[in-house]
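I've put the structures underneath this note.
In the two complexes that follow, chain A is the common piece, with chain B as its partner first and chain C second.
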Partner chain A sequence: MSAVRTALPLAAATVALAVVALMLGDYPLTVPQVLTALTGTSGFESTMVLEWRLPRVTAAILFGAALAISGALFQTLTRNPLGSPDLIGFATGSYTGVIVVTVVLGTSVVTTTAGALLGGLGTAILVYLLAYRRGVQGFRLIVVGIGVTAMLHALNTWLLLRAQEEVAMGAAIWGTGSLSLTSWSDVVPAVGVLLVTAPLVVWASRPLRQLELGDDAAAAHGVRVEPTRLAIIGLGILLTALVTAATGPIAFVALAAPQVAKRLWTGAGIPLVHSALTGAFLLLGADLLAQYVPAQPVPVGVVTVVLGGLYLLGVLIREARRA
Partner chain B sequence: MPHSTVQHPVATRYLALGAGTVALLVVVVASLAIGSRPVPPDVVVAALLGQDVPAGDWRAVVELRVPRTVIGCAVGIALGVAGALIQAVTRNPLADPGILGVTAGSSFFVALGVVLLGLSSPEQYVWLALAGALVATVAVALVGGSGGARVDPVRLTLAGVALTAVLAGVVSGLRIAAPRTFNALLTWETGSLVDRGWQVAGPVLPFIAIGLVTALLLGGSLNALALGDDVATALGSTVWVTRVGAVLAVTLLAGGATAIVGPISFIGLMVPHVARWIAGPDQRWIIALTVLLAPVLLLTADVLARVVLWPGEMPVGIVTAFVGAPVLIALVRRQKAFAL
Partner chain C sequence: MEPSRLRADDVTLAYDGRVVSQGLDLAVPDGSFTVIVGPNACGKSTLLRGLARLLRPAAGQVVLDCRSVAELRTKEVARQVGLLPQTAVAPDGITVADLVARGRYPHQDLFRRDAAADRAAVAAALAATGTEELAQRPVDELSGGQRQRVWVAMALAQETPLLLLDEPTTYLDIAHQIELLDLFARLNDEGATLVAVLHDLNHAARYATHLVVMKDGAVVASGAPQEIVTADLIEEVFGLPSVVIDDPLTGRPLVVPHSASTRRSSPPERSAEAPRVP
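Let's turn to the complex of A and B:
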């Protein structure tokens, strides 16, 4: 009951923010206008809301939720509030993949997606293997991730320096992470694939709770620890990969959302539903900031990296004080 | 402490000092002799002695390679010693001015100056680079060493990652606002010794020199600090003076180096570890050996950077990342590294 009671305000806040997002734009609307437009009966305003603004809002909500769930899975498994696909070199690896396919094959949605997926998954596997030493310990995973990220970052810079300027600029824009998808035709495939992964998340939630109690306790409950852990990490990476392929790297939502959700929730552990709602709210809010606060709209990835990085610094400073 | 002084007799240290000097001479010669323009060794010597050589060769050796080698030495020393200082003050084996975001602070302030104020000459932006390094170093010290409590190395490393991410995010926002400066900025962001002549380095070298002298003076107090704040105080060392001195020295060294070449990571991570491995935990020896070995590493990386894509060049920061990141990974795989 308490889970529902705390989740409802989060859901309501996300819906309210979505309505605000639908109101804003070159042609501002009022709340009644948005609600009427959503029914599809008010001509031009309906086209504007349903065809232009709703895809972006939908993408922000679903992608934010997916990133947050991915982060919640990682943080639960590593038992570390700093465990997150952001910190294990995933985004940089995706970026490497995208730059390589852009330079070699040119830009198209299919090649970009494939490059991001392969680059990200390859990096994740590499980091996991390098960090593996009689099991994977959270901190080692993170520092290995930092090292691999540094190498890939150097590689990316080198590739961009060698590429032609238009190619470099195109790849660099992808590299900042943007939600400026314009139409349903871009949003629907990504959303469809994400919805397919939803049952997997539901499946993962049970063994996840048992792993949370510790490896020994989970094993006593009949969970095969290492294969399950690997499967859940794979699921987390898949969620991030799907979002990253569609938008470019959007940093730190996966890191921050589960921790914010945990503070809003009174129970033990990291709640998946609350995390998803928080992630949706954060990414939607960050996208609004990105569009309307700077003089010129910036990609949402720029906003999340700055806010999320400050959040991470704050967490670390507070922990240093307490220690 | 992982090593005891017993394992590091004086002879080993002096042997290392000698070997380091020889290695430094070798890479200096290599740095003068190797480049995209093939110049025969006898012509290199003749050019250095001021004899009559073809104008192109003279330009390549005297006007390009000599300043590049000297600057490479200065920057290598600056980054290496800055790394040794940060590792000593934070008692963190994973510390490095690049990893902890100090060089990111410098390059962030410089990027602000380039994009917002239209600065283009090093005399103008050296101050910004130093200010950026100071802000970042203070932030790192705030997370890492303020209370004197031992801070988890990984947390400090993460703080550097977070700081770097925030600063890089703002810079990429600026870049979108001003795409025309995009290419110039990207080249500088990598860390490179190409086209850094006397006019770039001249105004900055005095800062590096002051930072180096400060670091050498601090050696003894850092040894006391390694025993913990209470013991250090009991031994008559003023802890806060040591810390503030170290922060200022790191600022001058890392900020100065970044002002000349842009951000270069991992030199400050690797070299002090090698020095500690050879000389044991005495900070004075660690700093002395770092002064010799860091330029060896940076110049070797720079010579490699000139050779791998010959006749083109790779920014040296990319080479150091490729050499240094595996060292970071190896260090974290070795659990003992955490007991600094």
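Let's turn to the complex of A and C:
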């Protein structure tokens, strides 16, 4: 299987990077120390690795994978490398939801999560309905999504300006996107929900390969095109919204990981497994950069925005050359 | 009345409330190579989309084996009726074999798939279309004629007794058109029932066993080409004066249209008896 052969190096690279992430910190460890600590038998070092560092590494891997799968689903459905949930408004909508609940109800994990989910889903429904004309086509979805994103940005700024200072600060910190979850109790619920979506992704992969062929061919092969597309869009939104609710908006991973993965394999279209592994690697790497490269650690969202900006510029330059 | 598994019963077909066909009846004779012709925007592709259940009739029903297709599971229909669509997209970098294998979708589900049957169906589809040597090539690199044969192979891999073809020869040169039509004729000889929308009247008259002529959303004439194609019918449907002669190779009707220059040089010809070619 060439799919397995090309996925293995990606998986190995991600594991290697995870080991590096577990080594780094205020109290650096060697590779053998990390491996011993992982068995839980080395006292303080085990506590440090298993309780402090592993939750963050786990979150980076799973959230990165979820964002990348979401991006792969959207880019396949829209047939466009820019058809990513962060560009078409869902992350911005989640942010709007969080600001609104923070202003109205104050900050807590429950309200933030609910606000992010409702904001993201509400935006998705709005974009879908505005783009709907005898079914949804990729390009219209992207254009409508970018328009809605711009309006939501304006709304977010207005809401933050009107909010009380400490409320605005809290919302703004969430809005940068961070993996600084410290304990398993924060990570486990998000991870649990993500694992529940895994069978849905497996289900979606087959009709997704049919929709790639165009609506007519997919329908001729027995796919119920519009309900299936709606279900896959819903799945993509769910993945993005779950991650966003836990971390705040993290740009670039959903956008770039599927395109990087596509270049790393030999098969057709955008591969879901490779995308997930690439996304895990990218988010883990971006989080390491965020923690250790600047003098003071910054939220990972800051790093991904910078990388995403460069990537987007690269895409635009390439498209401009081609045109 | 010939038996027909696929019928349109009193269907009204409409896009966004704009009615294209009203109260249309059509029976596809089993084992036929049915070809639908007519002027642009006469509703022939719309009718095919209706038969392929890509377009749900606003009224009436499309019937497959005495049951309305609206009531059948889409995969069940997809095991009986295949379609060569006008607009299909090959995913980036896909190989011919992988693309053809995607036609097996209605025979598979998440947990059950007969790998041996899939392989055999793909191999047979590649052989029938003469694309075996292309199997490992990326579809992006193929010529237009090769690509169209690969799409046909994908439809064949679906192994349906009924196959609908939406303008399969458009954008191909004359040699590739004939090659493809010969392939369809052979499939028809081997037992498949085919329904094609074609633009070229003479190809339609040569290959069809059952010709359906449409105008303004209605069926104007249907039957064997030899029996229905006349200069009067062509003028009525297309508004184009012509002479219909016997095709010297097949004896089927051959439509030779008048144009401004022929009308100027020989105006009385149009009503004259069609010249016979021995």
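Heads up, the rule we're going with is that the second predicted complex is superposed on the first by the 323 of 323 C-alpha atoms of A that agree within 3 Å, B and C clash if a C-alpha of one lies under 4 Å from a C-alpha of the other, contacts with A are read in each partner's own complex, and residues count from 1 in each chain.
By our rule, contacts are C-beta pairs under 8 Å (C-beta built on N, C-alpha and C of every residue); 3 or more make two chains touch, one makes a residue touch a chain.
The model shown is predicted, which means the values in this text are computed figures rather than measured ones.
Trainee: Look at where chain B and chain C land on chain A after superposing the complexes, then choose clash or fit.
Mentor: On the superposed model, which is not a single observed complex, chain B and chain C fit side by side.
Trainee: Is A:312 contacted by the first partner chain B, the second partner chain C, both or neither?
Mentor: first
Trainee: Have a look at where A:201 lands relative to chain B and chain C in the superposition and call it first, second, both or neither.
Mentor: neither
Trainee: At the Cα centre of chain A, what angle separates the centres of chain B and chain C, to the nearest 10 degrees?
Mentor: With chain A as the vertex, the angle is 90 degrees.
Trainee: Check the residue A:147 against both partner chains and state whether it touches chain B (first), chain C (second), both, or neither.
Mentor: Once the two structures are laid over each other on A, A:147 reaches chain B alone.
Trainee: In the superposed arrangement, which partner chain does A:294 touch: chain B (first), chain C (second), both, or neither?
Mentor: Touch partner of A:294: chain B, not chain C.
Trainee: Report the partner of chain A that touches more of its residues: chain B or chain C.
Mentor: Answer, by number of touched residues of chain A: B.
Trainee: Looking at A:171 after the superposition, I want to know if it touches chain B, chain C, both of them or none. Which is it: first, second, both, neither?
Mentor: In the superposition, A:171 touches no partner, neither chain B nor chain C.
Trainee: In the overlay, answer first, second, both or neither for which of chain B and chain C A:214 touches.
Mentor: After superposition on chain A, A:214 lies in contact with chain C alone.
Trainee: Across all Cα pairs of chain B and chain C, what is the smallest distance in the superposition, given in whole Å?
Mentor: The answer for the closest chain B-chain C C-alpha pair is 17 Å.
Trainee: After overlaying the two complexes on chain A, where does the chain B footprint on chain A coincide with the chain C footprint?
Mentor: None.
Trainee: Of all residues in chain C, which touch chain A in the complex?
Mentor: These residues of chain C touch chain A: 15-16, 52-54, 73-79, 81-83, 85-95, 98-99, 102-103, 105-106, 108, 110, 154-155, 158.
Trainee: Name, in rising order, each residue of chain A that touches chain B in their complex.
Mentor: So the residues of chain A touching chain B come out as 82, 87, 130-131, 133, 139-140, 142-144, 146-148, 150-151, 153-155, 157-158, 160-161, 165, 168-169, 172-173, 176, 251-252, 294-296, 298-299, 301-303, 305-306, 308-310, 312-313, 316-317, 319-321, 323.
Trainee: Which of the residues in chain A come into contact with chain C in the complex?
Mentor: Those in contact with chain C are residues 79, 134, 202-203, 206, 209-210, 212-217, 219-224, 262, 266-269.
Trainee: Of all residues in chain B, which touch chain A in the complex?
Mentor: Per the touch definition, chain B meets chain A at residues 94, 99, 139, 142-144, 146-147, 149, 151-152, 154-159, 161-163, 165-166, 168-170, 172-173, 175-177, 179, 182-183, 186-187, 189-190, 265-266, 314-315, 317-318, 321-322, 324-326, 328-329, 332-333.
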